[in-house]
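Look for chain A in each of the two complexes below; its partner is chain B in the first and chain C in the second.
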Partner chain A sequence: MLPERLNKVIHLLARLPGVGEKTAQRFALFLATEAGDVANHLGAELTTLLDHIRPCDRCGNLADYDGTAAICDVCRDTRRDSNLLCIVARVQDLLAVERSGAMRGRYFVLGKLLSPLDGIGPEELPLERMINRIREDKVTEVIVATPPSVDGEATALLVARELEPTGIAISRIASGVPHGGDLEFADQITLGRAIDGRKAIDG
Partner chain B sequence: MLPERLNKVIHLLARLPGVGEKTAQRFALFLATEAGDVANHLGAELTTLLDHIRPCDRCGNLADYDGTAAICDVCRDTRRDSNLLCIVARVQDLLAVERSGAMRGRYFVLGKLLSPLDGIGPEELPLERMINRIREDKVTEVIVATPPSVDGEATALLVARELEPTGIAISRIASGVPHGGDLEFADQITLGRAIDGRKAIDG
Partner chain C sequence: MTASIRFERVNIRGFRNIQSLDFEPAPRLNVISGDNGHGKTSVLEAIYAVSTSRSFRAERLAEAIQTGAEAAVVRVQVRDGDLGREQRIALEPSRRSVTMDGKRPAKLAIYATRTPVVVFHPGDLVLVSGPASDRRTLLDRLALFLDPTSGDHRLRYTRATRERQRALLERGTNASDLPAFETLMVQHGTRLQQARRESAEALGAELEPAFRKMAPSTLEFTTSFVPGGSESPEEFARELASRRGQDARRKTASFGPQRDELELLIDGRSARRHASQGQQRLLTLAMKAAELACVRAARRAHPVLLLDDFSSELDPTRTGAVYDFLEGSESQIFVTTTRSDLFPTPAVHSADRVDWTVCDGRLERG
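Our next item is the complex of A and B:
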């Protein structure tokens, strides 16, 4: 029913996360009938995107690539505490931690989580690069901010074990009932962790 | 926090219908970190998309453009009843009617609806092209399938008035409680229309 070229675009858009064929068709028809300027600009930007951005050479965050090196904004920022390192799974998680405003150090992006079921073992994680980074920056404290899932916990344990010989202080972000959340609707694992992770109330 | 080039892509993706900044960022990070092939292919396709598709010269549906003419699949299909014409507002609506399998004729896409509040008057609708099409194809029956909204009804009335002198049979798609819908949850206008549009039961 639709031109072949448009079907190709629909097929590609349907690969975006959370986008099905129907939404992809809606996007494609919008680009083709209402927003030709967006189609043209997006086309031009996407065509050259991967030539101009790279994972940061130091931390794995996304960075502008100038042809020789890619250093991200966080690694360039000299006001940050380089002795404090937060380890995350993905760039998205780095952005989420940044939004919280609670992290004044730098980051290291693992890129993936340990996942025996998907065949991702320790050798697939950039542990050597992580340790080099920690040595170079004379990091004294590491916060592991992998997600509180089975894979995230396994990865956190692996990171902690790798860093044990260095004697660096290692912590894991707290898991519990979210701020504003209702105990009634919290699942039992979350509530169990909230109780396990309880803190003394300073009177 | 993110490279300037990626922010541009996020900004453009956020113009897609129903996509906010957060979803656009999710799409962009997916393209930049996980699916470089999709980014490259989509970039190439979008860059040349508008050079290769056009509204069909005859009906306004999207069609492959070969450099001189654009005739869509529906208009090319000789098995269709060219005396029956379905008038729709958008290409999306044409596709929806096609999916129903209930239309064996051809289509005419208005491109927009009459909307006094948005300053869209009768002169903005392709009424002359519509009438020419009806004359050329010797159309004997017109089904107006604009949506059952205020603008859709106003447009249907306008189309009917324009076609009155031709003496062609003109009908409007039925409005009522959707198939599988619950009367309890139908709004009062829908239920009112369902009653107004009641049909005799053949015993």
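Our next item is the complex of A and C:
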């Protein structure tokens, strides 16, 4: 019914999170009929996106890449307390914690959560990089802000165990966030309270 | 004061063979008759689904979506003492959603215990004759009424257990993430263990007198709850750590509430293996009577009774026991049968009783 090229675009759009076949079709038709300029701009931006945007070399947040290094805004911000480090699972979670306004330190993004059932064991997590980062920055307090799911809790416990020999103070965000809930969707106040009310991890 | 729960209006769409059904049940007794395969059980299943978000006969509730329909929807008006509310469940192939007065509940456990219903159906016999898992399911359902967080602990315990087993299988007994999952197993497992014990104690206390009332006095009946794990965090942790090798080899977790058993003993012997069929049937009824009593006590309300397929086994003891329920109970009752003449109910005022006929997914008075 539709040109092959357009079908291809629909298939690609449908792979985006939260976008189903119907929405993808709506987007594609919009781009193809009403918004040619958006299509051209979007295309140009996407082609070079990955050349200019990379995970931050230090924390994993997204950052501009200048050809040699990628350092994100949070890591550049000199007003931040570099002794305080917040460990999160994903960039979305970093943004959620930032929105709460309760975090004055910096971050480390793990990229995934421990989950043997999904084939993710401890060696898939960047634990060594995390420890190097903590040493370099002379971090004295770590807050683990992984989600309150079983995998999130297990990851927090694993991180706490890895850091145990360093003697650093480690805390876990308080359980204000609903069980099984996503940090991304926790409201700012809840998340802010969860960070303020953090507790030491006892594994 | 114990309030009564009543369904005042029931609306079912796209559920099994029921295309669209809207009726106002009688406050006390609803006798639903009809030939085989016309939708009697489906009516009860729909009422159970909107009350608990589950089915009593299917593993997957989505099975109930009418062939060719996109969704099944059940909506009910409930009277709960002085309060009225609307509850609704919508089933789609890979999604189910519930609302109470138009709002989504914060927790499913809260929704599922709001409008208590107790169902009696032919498949209940597995409670006595089947594997321990069927009895654990009963204990878990009761536990929700006693401790609403118990369902959460069970789900999280189960997930942590599966994660640990996988870690053991793939990376051996020294895998560095084992302590993390074992910590979570201990945390949630001890809570689940406690909830199961409390639930077994409550059920056991009702079960023995219920059985005595129904069965000949010569039979001695006792229950005993045998925990598969421990309520002590120290002991639980120690057992997990020491069983890693064995659990990896046998590919199963050998310690924990997944091995709980509620033993039913008649004259000191396992009812599952030694009781006669008639005794098993009596015991099943006693289990349901005990469940009813526990839910009533925990919820301080008379649960709605759903009695499916009353005539399936024309067993006089069973019939007698059901009459006892009818006489003694203030619950609203829905009973299905292929023979409505089995239901002379002098104890129920005729204004409080309505007879319904199901034909091809439709319901008619009389």
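Note that in this section the second predicted complex is superposed on the first by the 175 of 203 C-alpha atoms of A that agree within 3 Å, B and C clash if a C-alpha of one lies under 4 Å from a C-alpha of the other, contacts with A are read in each partner's own complex, and residues count from 1 in each chain.
Operating definition for what follows: a contact is a pair of C-beta atoms (placed from the backbone, for glycine too) under 8 Å apart; a residue touches a chain by one contact, two chains touch by 3 or more.
Quantities reported herein were computed from a predicted structural model and do not represent experimental measurements.
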{"item": "Touched partner set for A:Q92, first chain B, second chain C, both or neither", "value": "first"}
{"item": "First (chain B), second (chain C), both or neither touched by A:V38", "value": "first"}
{"item": "Touching partner for A:G167 - first (chain B), second (chain C), both, neither", "value": "neither"}
{"item": "Contacts of A:P116 with chain B and chain C, given as first, second, both or neither", "value": "second"}
{"item": "First (chain B), second (chain C), both or neither touched by A:A154", "value": "second"}
{"item": "Winner by number of chain A residues touched, once chain B and chain C are compared", "value": "B"}
{"item": "Residues of chain C touching chain A in the complex", "value": "106, 152, 156, 159-160, 162-164, 166-167, 170-171, 175-177, 179-181, 183-184"}
{"item": "Contact footprint of chain C on chain A as seen in their complex", "value": "114-117, 121-122, 150-151, 153-155, 157-158, 161, 178-179, 203"}
{"item": "Contact set on chain B toward chain A in their complex", "value": "1-6, 8-9, 12-13, 15-19, 23, 25-27, 29-33, 35-36, 38-50, 52-53, 55, 62-64, 72-74, 90-92, 95, 98"}
